[in-house]
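Reviewing the structure listed below.
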Amino acid sequence: MSAMGMLPQTESSPSPLRGGVRGGGGADGTVEPRSAPPPPPAPPRKGEESGSEAGYNFAYLDEGTKRMIRRAILKAIAVPGYQVPFASREMPMPYGWGTGGVQVTAAILGRADVLKVIDQGADDTTNAVSIRRFFARTSGIATTTRTTEATIIQTRHRIPETPLREGQTLVYQVPIPEPLRFLEPRETETRQLHALAEYGAMHVKLYEDISRHGHIATTYAYPVEVAGRYVMDPSPTPKFDNPKMDQSPALQLFGAGRERRIYAVPPYTSVRSLDFEDHPFRVQQFDQPCALCGAEGVYLDEMLLDDAGRRMFVCSDTDHCEGRRADGHVGTGDAV
Amino acid sequence: MLAPGFADPVHGAQGTFRAVMNALARPGLLQPLDAGLKPPAPLTPELAALALALTDADTPVWLDAGLAASPEVAAYLRFHTGAPLTDDPARAAFAFIRDPARCPPLARFAQGTPAYPDTSTTLVLALDRIANGEGLHLAGPGIKGPTRIALSPLPEGFLAQLAENRAGFPLGVDVILTAPGLVAGLPRSTAVTES
Amino acid sequence: MYVAVKGGEAAIDNAHRLLAEARRGDPAVPELTVAQIRAQMALLVDRVMAEGSLYDPDLAALALKQARGDVVEAVFLVRAYRTTLPRFGASTPVDTGAMAVARRISATFKDLPGGQVLGPTFDYTHRLIDFALAAEGAVEPAAEAEPRDDADTCPRVTDLLAQDGLIEPSPPDDGAPAGDLTREPVDYPADRALRLQALARGDEGFVLGLGYSTQRGYGRTHPFVGEIRVGDVAVEFVPEELGFPVPLGRIRLTECQMVTQFKGSGTAPPQFTRGYGLTFGQSERKAMAMSLVDRALRAEELGEPVASPAQDQEFVLAHCDSLQATGFVEHLKLPHYVDFQAELELVRRLRAEFFRDSDSMQEAAE
Amino acid sequence: MATRPLQPDPEEIAARQAVMALCADASRDDLDAAVKALAAPAVEDLRPPETGLVMATGRIGGDGRPFNLGEVSVTRAAIRLPDGASGFAYHLGRDRTKARLAATLDALWQDPTRRARVEAALEPAARRADADRRQAARRTAATRVEFLTVARGED
C-alpha cells in the first residue's frame, strides 16, 4: 500500500466529510504536490522560516493540523454549542492540562495577536505561566496580563471580570465537554440525545437537587442552553461567570483535547443557564469585598492565613484587582 | 508555469482563516481579505485564498462548471492543496462557486447528519459585490441589532433556499460570500429575510 | 497587612533546575548511557516503544533517561516527539509468519512444525534475587546448536488448525485501509482494527487487568494459548517515487494467538474462535492480555451478551491510553480553588440551613 | 521523467531491494567505508535528508485485515550524482548521514557498470550481518525443546 493509496478515502469513512488528516504528506505542513512528478523539489517546510525558535513551527502545530482544527472551529461557530469532533494531537503538555485550549489557540493565533493566559482567573498561576511561555517560545507573539490589551485570552475556570469587547476571543480549556456525561457515560447515547435535543434527564437531575437541598446544588460547570438549541458545558467555571457568556461581544471557543471536541459560542448569542420558573438561576454572592482592592460583586479566592482559621478573601482575577489598586482602590488588607 | 501560493504560507493561511472565522462569527459583516494571490482565471483571489487556507487531502472539493472547465484552475488547486476533486456536491466538504447565478440548490450539497451536523458542505461563493446597510435582513447568533446585506449576483430562489436551510438547523450548509477584497459569512444559524 | 506578589515564574524555573539535578542523582556515581539503557533495560525500552506507539529503541532509551525511569513519563516524551514528525505513509502489513523466531511456544500442541522454542525467557527461572549481579562480571556465553531443518518454517498454529476448518478464519483483507485513531477521533462502534490499534498502544497494566478479569468470569472466553512468538520481522514501505516496497529494516515483535471458546449455530459448524495480540518489542504479558481483551471485545460480533467491562468497547477504548489517563488523573493537582470556593460556599450555606432547620425543629419540639 | 527509475524488470527490483535491505541493516560506518572505497563523487540532495514516521501495519490474526500497530521512525534521503543518476534510501532510525550514504550507494548500484563494485564494497557488511543472523539462530536452536515424537506422553 503506498502513501498515495491512503489519501482520499472518503468512501470507507462513516462520516465522509470529517477531515482527520490521514496518511501521506501534509502532516508536516509541507505542501508536497501529491500528483506532481517525483522526486519532489524539496519545498521549504512551512513554518521553518516563520517560527520563533529554530525547529518549531509557528505556534508548534504543523499546518495540516492547524487546517484540521480551523475547519472544526468554523463548524463549531456555525452550529453554536454543538461539539465538533477533531483529531486532537499529542501536545508537549499532559492531557487534562489544557491541550484542547492550546490547540485552539495555536490554530487561530497570528503575529498581530496579543495573548493573555489565565488559570483560576490569575495570570501567575503555575499552569498559566507554563502555557503563556509555551506560546511566547513557539510563536514569538506578544503576551500580556491585561484583559483590555489581549486579543486572545486562554482561560481555565474563569471569565475575566473586565467586560470583554468585540474582536476578542476567549479560549476555554475544557476537561469534559459533554454536559450529559455524568448522566450517561456512553458517547453513543449522548450523541443521540443531542441529535434529538432530548435534555429531559438534565432537568430531572437539577430538579432532584431542588427536592433534596431546596436549591440547585451545581456550583460550577453549570449547564447552559446555547441559541435555543444545544445544551452545553461551559467548562468548570463557577456559575458566577455564566451570565457573562450571554450576549458577550467576544467570540468564545472551547477546546477539549483528551476528549477531542471543539465547540463555540459566537458573539451576541443567547446563553441561558438551565433553571425552573419557581427556582430561577442565581449566582453565588460573597459577604465581603476583596481584601486587597475592595471590589464587590466579583469572584473571590479564599486564602488561609494560619491554623487558627484566619482567612482572607481576595480577587480571583488578578488583573482586575491590580487595575483597581492602580486606580487607587484599597481594601482592608487583612483577614476577616 | 504554476502561479505561486501564499507568499508566506503560515501567515497567509492564518490571516485568511481569521477573516473567515470573523465572518462566520459575525454573519453578514464584511471582513477585509487580501491574501495577495494571483490565481489562474476564472478562480478569484478570494476563492483561491480560502481553498489554500482550508482545504487539503482530507477535504473533497466541488468546483462549479466554470471552474471545473479550467485545467489551469485544477492544476493550481491540486498543486497547492492536494485536495481531491469531486463532481458530487453531496460528497463535498467545500464547494467553490465562481458563477453564483448558476449555483445548484443548497439542498444538493451535503447537509450533515443529526448526530454529526458538522459533516456538511461549506459553500464559497464569488460575488461581484457585497454591501452592508441595504438588501437582505439577517438575524441569529452573532448578529447584533439590525443587520442588512446586499448581494449581487444572487442565485435564483436563493432566499427560499436559505430559509429552507435555516429551517433544517442544526443540519444544513454554511455559506461564505466573497467579493473583491472582502469576505462575509452566512452560517446555517442565520435567518435571512427580505424585510 | 498583606500585599499581592507574583508567584509562579521563578518557582517554575527553579523547580526545573532542581529536577535536572535530581535526575542525574549522586554525581559520584557514573552517569548511565543511552546505550546501556537500551541494552540492559531492553524490556523497559520495549514497553516505552509499545505504549509510545513509536518503534525507536534509542529514542525510547533516551526518554527513559530523561524521565528518571518513569515509564508513563517516557511514553509521554516519545508521543510528543512523534507529533512533530511528518508521516511518510503506512507500511505494507508485516508478515509475522516469516518472523525470524527468537521464541515460539504453543500451549495447545505438545510438538509442532518449528518446534517449541524457549528463547530468552524468565519462565522456569526461580525468582531468587541473584546477589552476584550486584557485582559486575562476565556472563557465560549462550549455548549454541545446529538449527533443525524445519527451524525456518514456523507455520502459525492457527494456520494448522484452519487446514481442518477447526478454527474461524481471520477477517479477510478487503483492501480497505484501516482506520487510524491518531488521525481521527474514534466513532463508536469502533471496528476490530481500530480496537487492536488502541490495545497495542494501551497501558499494559490496564490491559492486563482487563484480560485477567475475563479469566475470572467477567466475560469469560475459555482461552488457550495457540501460540506466542517473539522475533524479528522486516518492515517494508512503498515510497511514491519508487513504486516498489523498500525494506526499512527489521523490528522485534511479539504475537499471541489466543484460541478460544468454540461456537456454532444452525448454519455454521462448531469451531474455535480467536483473539489476537501483537506488540512492539518483547512483551508476552502485553500480547497475551491484548489477545484476551480482543476476543472479549468481539462479544457482540459473536452473539454473546455484552455484560462485563472487558467486553464494553467504549469502556475499554476510552480508558486504556496511559497518557490520557495519567493526564486527567494528575490534572487534579492543578489549581481548582475557584471551583472549590464555589463548593465551599454551597456547603456552608447548606450546613447553615440544616442547623437552622434542626434548631427550629428542636424549638418546635420543646 | 529522467529521474524516475523505470525498472519493469522484477529481478532487477529484487536485486535492488536486497542491496537496500543490506544498507538498512548495516551500520553508518559500514556504509561510509563502502562509499569511500568506491571513491563516490560528490552528491547533491534532491530532498534534504528527513526523519519522519511510517505507520507499521499488522494483520488481524496474522493473516487477515490490516490494522495500525504503531509508527516506526524512518529517515529518508534522495540524492543525485553528477551524471544525473538518482538514488533513494528509507530506513529505520534517525540517522540522516547514514540515509544519505545509502542513497548514494543506491544511485551507484543502478549503474550496471558499477554494480559489481558496489556489491563488493558492501560484502564485509553482508558477511557480518549473515554471521550475526546465523549465530542468533544457533543460540535460539539450543533452547528448542526436543520431544521424542513417536512416544507422546499424556499432557
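Things worth noting here:
Read from first to last, the chains carry the letters A, B, C and D; within each, the first residue is number 1.
The criterion applied here is as follows: a residue touches a chain if its C-beta (ideal position, glycine included) is under 8 Å from a C-beta of that chain, and two chains touch if they have at least 3 such contacts.
In this text, all values refer to a predicted model and were calculated from it rather than measured experimentally.
Set side by side, A-B and C-D show the greater C-beta contact count at C-D. Taking each chain's centre as the mean of its C-alpha atoms, the one that lies farthest from the centre of chain C is B. The distance from the centre of chain C to the centre of chain D, each centre being the mean of the chain's C-alpha atoms, comes to 29 Å. One finds 44 Å separating the Cα centroids of chain B and chain C.
Taking each chain's centre as the mean of its C-alpha atoms, chain A lies 31 Å from chain C.
Residues of chain A found to touch two or more other chains are 1, 15, 18, 20-25, 28-29, 38-40, 85. Residues of chain B in contact with two or more other chains: none. Residue numbers of chain D whose C-beta contacts span two or more other chains: 4, 52, 55, 57, 66, 78, 88. Looking at the complex, you find that chain C touches chain A at residues 1-4, 6-9, 11-12, 76, 79-80, 82-90, 92, 176-177, 180, 182-185, 187-189, 238-241, 243, 314, 318, 323-324, 326-331, 334-339, 341-346, 350, 353.
Residue ranges of chain A in contact with chain C, taken from their complex: 1-6, 9, 12-15, 18, 20-25, 27-30, 38-40, 56, 62, 85-92, 94-97, 99, 119-121, 124-130, 156-158, 175, 185-188, 213-214, 217, 219-221, 236-240, 258, 260, 284, 286, 291-292, 299-302, 305, 312, 314, 316, 318, 321-322, 333-334. Residues of chain A touching chain B in their complex: 7-8, 10, 15-22, 24-26, 29, 31-36, 46-47, 49-50, 57-58, 63-64, 66-68, 70-80, 82, 84-85, 107-111, 191-192, 194-196, 227, 229-230, 249, 251, 264-270. In the complex of the two chains, the chain B residues touching chain A come out as 5, 8-11, 13-15, 17-18, 20-22, 24-26, 53-60, 78-82, 84, 91-93, 110, 112-122, 140-144, 169-170, 174, 187-189. The touching residues of chain C, when paired with chain D in their complex, are 49-50, 53-56, 58-59, 82, 85-94, 96-97, 100-103, 110-111, 115-120, 142-148, 151, 156, 158-159, 169-174, 176-182, 192-194, 196-197, 200-201, 234-235, 237, 239, 241-242, 244-251, 253, 255, 257, 274, 276, 278-280.
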